[in-house]
Amino acid sequence: MKATIKENRELVPRYFTMTLSEMGDDFRGEPGQFVMIRGDWGSDPLLARPLSICRFLHEDGQIRIVYRVMGRGTRRLSEMKAGQTVDINGPLGNPFPRPDESRRVLLTAGAIGAPPLIALAGSMAVSPLLIIGGRTRNDVVFISDEIRELDIETIYVTEDGSYGQKGTAVTELARHVGGNDLVYACGPNRMLAEIARLSEEIGFEAHVSFEERMACGIGVCLGCAVRHANGTYVHVCKDGPVFNVTDIDWDRL
Amino acid sequence: MKPDLSVEMFGLTFKNPVMGASGTVGYGIELAPYIDLGRIGAVVTKGISIEPRQGNAPPRLFETASGLLNSIGVQNIGAARFIAEVLPRLEKYDTRIIVNIYGESIQEYRQAAECFCGVEGVDALEVNLSCPNVDKGGLAFGTDPTLVQTVVREVKEASGKPIIAKLTPNVTDISPLARAARDGGADAVSLINTLMGMAVDIRSRGPFFGKVKAGLSGPAIKPVALRLVWEAARELDIPVIGVGGIMTGEDAVEFIMAGAGAVQVGTANFVDPAAMNAVVGGIETFMEENRIERLADIRGVIK
Amino acid sequence: MKPDLSVEMFGLTFKNPVMGASGTVGYGIELAPYIDLGRIGAVVTKGISIEPRQGNAPPRLFETASGLLNSIGVQNIGAARFIAEVLPRLEKYDTRIIVNIYGESIQEYRQAAECFCGVEGVDALEVNLSCPNVDKGGLAFGTDPTLVQTVVREVKEASGKPIIAKLTPNVTDISPLARAARDGGADAVSLINTLMGMAVDIRSRGPFFGKVKAGLSGPAIKPVALRLVWEAARELDIPVIGVGGIMTGEDAVEFIMAGAGAVQVGTANFVDPAAMNAVVGGIETFMEENRIERLADIRGVIK
Amino acid sequence: MKATIKENRELVPRYFTMTLSEMGDDFRGEPGQFVMIRGDWGSDPLLARPLSICRFLHEDGQIRIVYRVMGRGTRRLSEMKAGQTVDINGPLGNPFPRPDESRRVLLTAGAIGAPPLIALAGSMAVSPLLIIGGRTRNDVVFISDEIRELDIETIYVTEDGSYGQKGTAVTELARHVGGNDLVYACGPNRMLAEIARLSEEIGFEAHVSFEERMACGIGVCLGCAVRHANGTYVHVCKDGPVFNVTDIDWDRL
């Protein structure tokens, strides 16, 4: 599917927001789902890149993604201009299970893990508590506009204390979470593994959005394997990217 | 007049020469939401072994310049479950079904082939000859003419199906191997499977893949694939199916001119799940624009 | 502290492990306007034969996805003119000079090597073993262990110089060929030469190159080159010089971790004539950032 | 060398003009020379592309190139925006021999062959006669701005008669040229071969700028070979791109 770039803008150094229009009327999707995205740029890089949907701007038939420049693909994306088109495949993957809003919901983001959680917060009637952690200021404030727009209650945490609390998202989560809470998280796998441990300790239910390199995004290459707690491989693009923390074999990542 | 894209091979008619390459279309049905399976010549399934296989530990993918290294490790649900659970759904589509089989000994190949003996709906078997020969220290079957001939003969006997021998490109000279496949009774050969490559993770100072080596596919390998298809086609009187880096209809036409009877599209399906539609359309357009009525008019024009 | 990039091979010290690959730096001097030749480890000349050679008819180049096909055909001015006209100019630069030699029979290799016997300023010979063996129907010397061993022994004897055997990647198994080179007395092996590929011109419905097949180089082949370097390095106790798709210092580090004693930069010189400077700088930066004092600390860390 | 794109603009469909600044003070060059140019776009396409220098805007330390989108490389170039940088190597190759302005000078361009001839005209004291031919209107008018700015006497020729005379640049040249004239030409090799024949017939001196695929542009790959009349191979990037028509073996192109 072709989509047109409506806006592509640097938020803070390395972090970009891209709004895509003309997604087609049948483009639905739910928080936690992602798209495979690629510009029309020859065969290097070859593969599309998975990026979470951060906002569904349904009224306008648009979506927004927020991304950090990591390597070749995201850099190329960052160079694209409004008016150019990209190839989009999506929405893909399983969304976050709808939160039972009678429980307290805590969202925990590690830096660029925030986008799918923003989508989730945007779909909820009551604002959840979002904890966003990162190394330094830019790794947490890049998403502030969305947070303000959706009026999400947020705790900012940075490792160097340059913004918000000093610490990590997980230490902050540990301070707030209770056994009956519902936790959603996205961030580096290391962080997710800590949340899994915490969840076992404290007993809260946690759903995490997992990252793994992808080639196809649709379950045909079998490349995005991750070991399930039951010993088999599951595939992040098709069986995930959202998993219950109890589904993953965290010791063998 | 619409050009005729149909292809006859081993007594079967294929709507057009475009097939989904093994390992890149799942079991075939996964692409149904993206393309009209009835518009492509055939799907070749992921490699299927007698018993289910888990595949390799991640990471399994590494992107290279215009290419992809994979170390999937033939993860599959095994022949029995494929026949019971997948085939009935796949058969509903109006396309040819080719099952790619995998084994690590002659015995395993034979048994895998036997599973499909008499199974209706399976039009042909493609034998992956890049599998490591565990009896011989892991060198691929496809590197030894005697083994190639034996494996092909055994799977043909055991299955009673048309056999496509999928050759490995990691050899000094493809000719004796292509001849061995034919002599073993192959109805066609397909090539190329992935080139053997490797990636290094300079941060961890280790190999990127647990098994160190991995298979290279994608546009990067197209020139090598074309050369091997050309060499094999000059050698053989049975059809050669060209695979390797095909992204567009023009790429497919190149393989056909180099002598391919049909083509398979692999990595391109990852880049764009509708790639095979585009390849079929592209071949059609090329034929129309150049007033080519049938593929035989351009097949193997490069001597 | 500045990291130490120097390399010892066959009794010579190289300032750093970065060399210009044969056929991609002309005779070396052509790059002088772009890089400080004194900052690279060595230049390897274009393949030189006994007599001058005209090379192949154009077209000679075809760009592929992240790669380049070439069919230059070893155009060169011959050993005598090289020694008389080029070498004196090249010797002025503070870098090692390696002459790549070309032959189509054992006799020709021997004679080409003899031309450099006693020629000061030439630090070593690199024997291109991808040359077609005209006595044996054109298959490359580098595909036959016996021939590899013979050629290496002959050129070593004839020249009295250190010999680098440049192996071809178009083989089933590099190990016996690497061993044959060593057994013939090679002081090092370099690999890979180009992968054999081909291009089709669908407009003219013919091969793009007059000779149909051509050699593939560039980033597209890096994964294959890394794999072969790793395989050869595990097999040998003499240095392996890694070549194939190196564009950056990090690429070079990958080869060194895979076991390369030194590296050559080829096609990258076309993309950016200052590429070798960047590669040397990139290795240095990597070593600094990772507190690696000397290359031996990372060489061959991948077992 | 890095250069900054000052302007990159479509002139008529498929034809673009690009002005490059910050070429460095030591960037000199003469009409007929070219640059190898490449954007920072991964490895596909891999090689830089040779493009003639169309204008030396010495006052501003700038050069201008004019190009037609042919394939991957030129398309990629056409997508670049002002402010982005490109890698430039040049000026390369041998310039046109300085015209003896006591003789009548005729420049013959086949469509996108015009740029180096514009550079030549711009360096002359007296305007030469420029004949520019192409298939249709856009193939000749794309360069009109430069022609007007430099006030070059020009005959436009199109094969379909949609602009200027109907015919080809060579038929038009044949109508105007005399044995004592000096002809400079650039265009498809087929056209150059016709001019070579005409030159032999009529006796005028002709220098042509030749096109061949290039990898390096600096004489190290030996890829851009063309057969010299003396039977050896010469290399377009180093021995050319400008050749006297008598230098080339036109029968064996």
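The letters A, B, C and D name the chains in turn, as written, and every chain counts its residues from 1.
Please note the rule applied: a contact is a pair of C-beta atoms (placed from the backbone, for glycine too) under 8 Å apart; a residue touches a chain by one contact, two chains touch by 3 or more.
As the structure is a computational prediction, the values presented were derived from the model and not from experiment.
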Give me the fewest steps it takes to get from chain A to chain C if each step has to go to a chain it touches.
1
Return the distance between the CA-based centres of chain C and chain D, expressed in whole Å.
36
Could you state the distance in Å from the CA-based centre of chain B to that of chain C?
34
Using CA atom averages as chain centres, what separation in Å is found between chain A and chain D?
51
Multi-chain contact residues (two or more partners), chain D:
42-45
What positions in chain B touch 2 or more of the other chains?
65-67, 218-220
Linking chains that touch, what shape results: line, ring, star, complete or other?
complete
Residues of chain C defined as touching chain B within the complex:
64-67, 69, 139, 143, 170-173, 195-200, 202, 205-207, 212-214, 216, 218-224, 226-227, 230, 245, 250, 253-255, 257-258, 286, 298, 301-302
Contact footprint of chain B on chain D as seen in their complex
42-44
The chain D residues in contact with chain A across the complex are 41-45, 72, 76, 79, 81, 84
Touching chain D in the complex, chain B uses residues 65-66, 219
Show which residues of chain D lie in contact with chain C when the two form their complex.
38, 42-48, 87, 89, 212-216, 218-227, 232-233, 252
